[in-house]
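Each of the next two complexes has chain A plus one more chain, namely chain B in the first and chain C in the second.
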Partner chain A sequence: MFITDIRKEFYEVVANQRVALLVASDIDALCACKILQALFHCDQVQYTLVPVTGWQDLSTAFLEHKEQFKYFVLINCGANVDLLEMLQPDDDSVFFICDTHRPVDVVNVYNDTQIKLLIKQDDDLGVPSYDDIFRDEEEEGDDSGNESDEGSEPSGKRRRFDEGAIERRIDRQRAKREWEARRREILFEYEQYEYHGTAASMMFFELAWVLTKDTKDMLWWAVIGLTDQWVHDKITRMKYITDIATMQRHVSRHNHRNEDEENSLSIDCMRISFEYDLRLSLYQHWSLYESICNSCYTSCNFKLWTLNGQKKLQEFLADMGLPLKQVRQKFNSMDMSIKENLRDVIAESSMKYGMKDIRIQTFGVHFGFKNRFLASDMVHATTALLESTEKDESDGDNFIKALDSLSRSNLECLHAGIDQAKKKLMAIQQTVASCICTNLILSQGPFLYCYLMEGTPDVKLFSKPMALALLSKYLLKAFVHSTRNKRCKLLPLIMAAPKDVEKGTVIVVGIPPESETSDKKNFFGRAFEKAAESTSSRTLHDHFDTSIIELKTEDRSKFLDALITLLS
Partner chain B sequence: MDPSEVEFLAEKEIVKIIPNFSLDKIYLIGGDLGPFNPGLQVDVPVWLALNLKQRQKCRIVPPEWMDVDKLEEMRDLERREDAFTPVPSPYYMELTKLLLNYASDNIPKADEIRTLVKDIWDTRIAKLRLSADSFISQMEAHAKLDNLTLMEINTIRSFLLDSLNCMYKLRSNLQPGSSKGQLTDY
Partner chain C sequence: MFCEKSIELIRELHRMSDGQLPAFNEDGLRQVLQEMEALYEQNQTDVNAAKAEGRADLIPSIKLRHCCLLRNQRCITAYLYDRLLRIRALRWEYGSVLPPNVRFHMCAEEVQWFGNYKKSLASFMRSLGGGEGLDITQDMKPPKSLYIEVRCLKDHGEFEIDDGTVILLKKNSQHFLPRWKCEQLIRQGVLEHVMS
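Coming up: the complex of A and B.
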């Protein structure tokens, strides 16, 4: 059931209990976890934090902890599957689920006792009404009861009554079949597309605000969670702008608190400001040239994998009057005169080159004399740390490192993350360039398909789901810009990369087609399930996003064939 | 003594806070505290104030002496005088550090206050070093210093005592007619 008063029905219930926090591995979940941890620290609530990477992890973690804990808080996992069926908990376990995955499973919505959803109901959820899906079983019992009563009637009238009874029974059965067919249709429509709702970190920030315990740190984490949804293309642009407006109200409220002409705040205090900043990833921590070359938006619009594209880039820089020497330097060492109007100059020039949206609304933070970060910088850095493929680092270690890098006091961690993010972006750019130039993207009819061979440089980076999803989005954008085939521009993309060489598995990701007004709804989850069933391929649907699966390398071709037949 | 021990002792000082919760009077070994009512000032020791501040349950009111004009006057007075001037609080250095680290958003002009307190500290330590230097070189027997705080004494304590001990050993070995290892009293 949906929770209406988050303070009374969630926080006050868990405040005096021991709680288990099961947190998924994405940045929004990490930020939500940080906010909740800060609230728990204020009120000295005992909790156990368990990072989970997939459904199997979730089940194992639940089995380990179900003896000791009654209350479980699930962050960014668990809403889109029948949780009670999967975990088989005892009757007194209560699950609080704050998840951005939609559609929310109908059993979770209509269960009144054990599942509490921390989800706002004005997110357009489209949950089918109760009567359409669930039917009371008592009606069946009445039918048989009536029949046995009627059977004891005197035999003379039996034939007439029997005919009436048989007709009524046939009617009832027909009605039941019709109802079931309609139910299947409704459920199919409801569950066929997968998409994302409001960020979990924004939900928990609202909880903090209701408790009046919200600080600037928590506000910043909520902003990072929202930006993560934008960077990884999980929400539409309209939704992002609406949510930014909500956050902007909170930011102005915090900024007006104690900034005064006479009593200015210490320089070490955190200042969050609204920025209408450039869409160049990490540009303040890199050189401007590198950032333009490695950001998806500029690279795709200039087509930087072609010689023509490189020439256009040089023209662009010359048009703005930026000397090459300056532009290749670290951003912080650029001349002040250039840095001052940089955003406006770039926005103006990019209009001439067909890039109308080079600026995007976002937030930046500023504390101490040296430390300025944009929200997207933090997202890239933390993702790189979370999915780092260094040896000897388990998933748990990466999770803790990424969680630490979100605190203000762990700046070396954050800077290490920024360096790793730079390497990742460069690897993505090179892979995109090589895929387009060697025509590795094949049109299979209803979708496009690309497979990264084992020897590709940096292919280890792409064995992780978020990195591979980011690569596929960039690749699709680049493909749309480079192809002349109008039909291919509207196709979705399936991308596969080797995941584990010893076990012989590949990771497969499906993303919806690229368009300006796409609603980011992904149908590959159900498609993958059906294709796997029909070919009995050995697949693992472990990830919380149903459009990301693991598959045995040998079964790749028959799986693809099944998909092609299914989707055409 | 360790500087952290001095800081620990400093945390017993009383500071004013404005809580946002309510609680009846609590009876601790060191004394009674409270009652706490939202929006009303109450006196508590610094250790409790910092804990409540970190849990976002109060606002800290800066002590009266933590004000830019007053500190500027004190700093100028300190620079003019040769002897040590009276201090705003016997633990001024530790309180400044603690309050400005954890509650700088409740203290106006925090950066300037930090600079001013550091100036006062530097002047006093310079005077202390001069005085210790003259004490050792002129071999005086006793000296009297007013208005020193525990933290300042602590910085010079080990150095001064060790150097005096060394001087004593050297002097006793230089005495004419004394054999090695024999000590003479002055």
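Coming up: the complex of A and C.
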């Protein structure tokens, strides 16, 4: 059931209890977890935090902890599947689920006792009504009761009654079949597309606000969670803008201090500011040139994998009057005169080159003289740490490192993350360039398909789901900009990359087609399930996003064929 | 040169400056004591000779040997005293049961001294708090909060806290627990205090 008053029905219930936090591995979940941890520290609620990477992890963690805990809080996992059936908990376990995955499973919505959803009821849900899906069993009992009564009637009247009874029974059965067919249809429509709702970190920030225990750190984490949804293309632009407006209200509330000459805040205090900043990834921690070359938006619009594109870039820089020497050095060392109006100059020039949206609303943080970060910088850095592919680092270690990097006191961690993010972005750009130039993207009819061979440079980076999803998104954008085939521009993309060479598995990701007004709804989850069933391929649907699966390399071709037949 | 051995003893302790206890250097101590004996004998004969024969030219060497004797005495007492201070610090660090490798480094008298110190400390602690006793070896720095956040560095299995609840300590899980229960495990290296 949906929770209406998050303070009374969630926080006050768990405030005197011990809670287990099961947190999924994405940045929004990490930010939400940090906010909740800070609240628990304030009120000394004892908790245990366990990172989970997939459904199997979730089940294992639940089994290990179910003896000791009654209350479980699941962050960014568990809403889109029948949780009670999967975990088989005892009757007194209570689950609080704050998950952005939609559609929420109908059993979770209509269970009144054990499942509490920390989701706003109007958050773009469209849940079918109760009567459409669940049917009370009493009606069946009445019918059979009537039949047995009728059977004990004297035989003289029996024939007349029997005919009436048979007709009624036929009617009832027909009504039941119709109802069941409609139910299947409604459920199919409801569960067909997978998409994302409001960020979990924003939900928990609202909880903090209602408790008036919100701090600037929590606000910053909520902003990072929201930006993660934008960077990884989980929400539409409209939703992002709306949510930014919500956050802006909080930011201005926190910034509302009478700062003047005498009462100014120390430079070390944290300041969050609204920025209408450039869509160049990590540009303040890199050189402007590198950032333009390695950001999806600029790279696709200029088509930087072609010679023509490179020339256009040089023209663009010359048009703005930025000397190459300045542009190639570290951003912090650029001349002040250039940095001052940089955003406006770039925005103006990019209009001439067809890039109308080079600026996006976002937030930046600023504490101390040297430390200035944009929300998207933090997202890239933390994602790189979370999915780092260095040896001897398990998923748990990466989770802990990424969680640490979100605290302001762990700046070396964050800077290490920024370096890794730069490498990742460069790897993505190079892979995109090579895929486009060697025509690795094939049109299979109802979708586009691309497979990264084992020897591709940096292919290890793409064995992780979020990195592969980011690569697919950039690749699809680049493909749409470079192809002339109008039909191909509207197709979705499936990407596969080797995941584990010893076990012989690949990771497969499906993303919806690229368009300005796309609603980011992904139907590949169900499609993958059906294709796997029909070909009995050995697949693992372990990830919380149903559009990301693992597959045995040998089963790749038959799985693809099944998908083609399914979707055409 | 005289007093070299005693300086070596001091240097040995100085090398391990962070409070560790090196093995008890019985050999070194014996050598210093032998040197002192030899010096004393020589001085004794020289003093007798000087008194009997009135030889004033022996006086500087007598003085020199006397200074060396005093210096050796100071060095030895400094060595022994510094070791005792370190052993005393061990009680506060490790508790009343010392790990066997540390014990191995102590000589018999030091072990006895440690036992006596433990008894004194225990009776003092019992007398505090109006006869109820107070464990002053806990909470050496004033604690900022009742509960601290800890991270598990290795799999430790199940762990019971005061109200009977059991916590599963698995690698990379984080917990928010009462600080007095965690201190022991933090010292053992199973848990790590997370500050944010």
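One rule holds in what follows: the second predicted complex is superposed on the first by the 563 of 568 C-alpha atoms of A that agree within 3 Å, B and C clash if a C-alpha of one lies under 4 Å from a C-alpha of the other, contacts with A are read in each partner's own complex, and residues count from 1 in each chain.
Going forward, a contact is a pair of C-beta atoms (placed from the backbone, for glycine too) under 8 Å apart; a residue touches a chain by one contact, two chains touch by 3 or more.
Not measured: the values here are computed from a predicted model.
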Just chain B (first), just chain C (second), both, or neither: which does A:Lys213 touch? first
Identify the partner contact of A:His41: answer first if only chain B is touched, second if only chain C is, both if each is, neither if none is. both
Regarding the shared-chain residue A:Pro51, is it in contact with chain B (first), chain C (second), both, or neither? second
For the three-chain arrangement built by superposition, which of chain B and chain C touches the greater number of chain A residues? C
Is A:Ile267 in contact with chain B, with chain C, with both, or with neither (first, second, both, neither)? first
A:Phe331 in the overlay: touching chain B, chain C, both, or neither? Say first, second, both or neither. neither
Between chain B (first) and chain C (second), which, if any, makes contact with A:Phe96: first, second, both or neither? neither
Share the list of chain A residues that count as touching for chain B in one structure and for chain C in the other. 41, 44
Show me the residue ranges of chain A that touch chain C in the complex, using the header's touch definition. 18, 37, 40-41, 44-51, 64-65, 67-68, 394, 396-397, 399-400, 404, 407, 409-410
Sort out for me which residues of chain A touch chain B in the complex. 41-44, 212-213, 215, 258, 262-269
Sort out for me which residues of chain C touch chain A in the complex. 145-147, 149, 151, 165-168, 170-177, 195-196
So, in the complex, the side of chain B touching chain A is made of residues 20, 55-57, 100, 104-105, 107-111
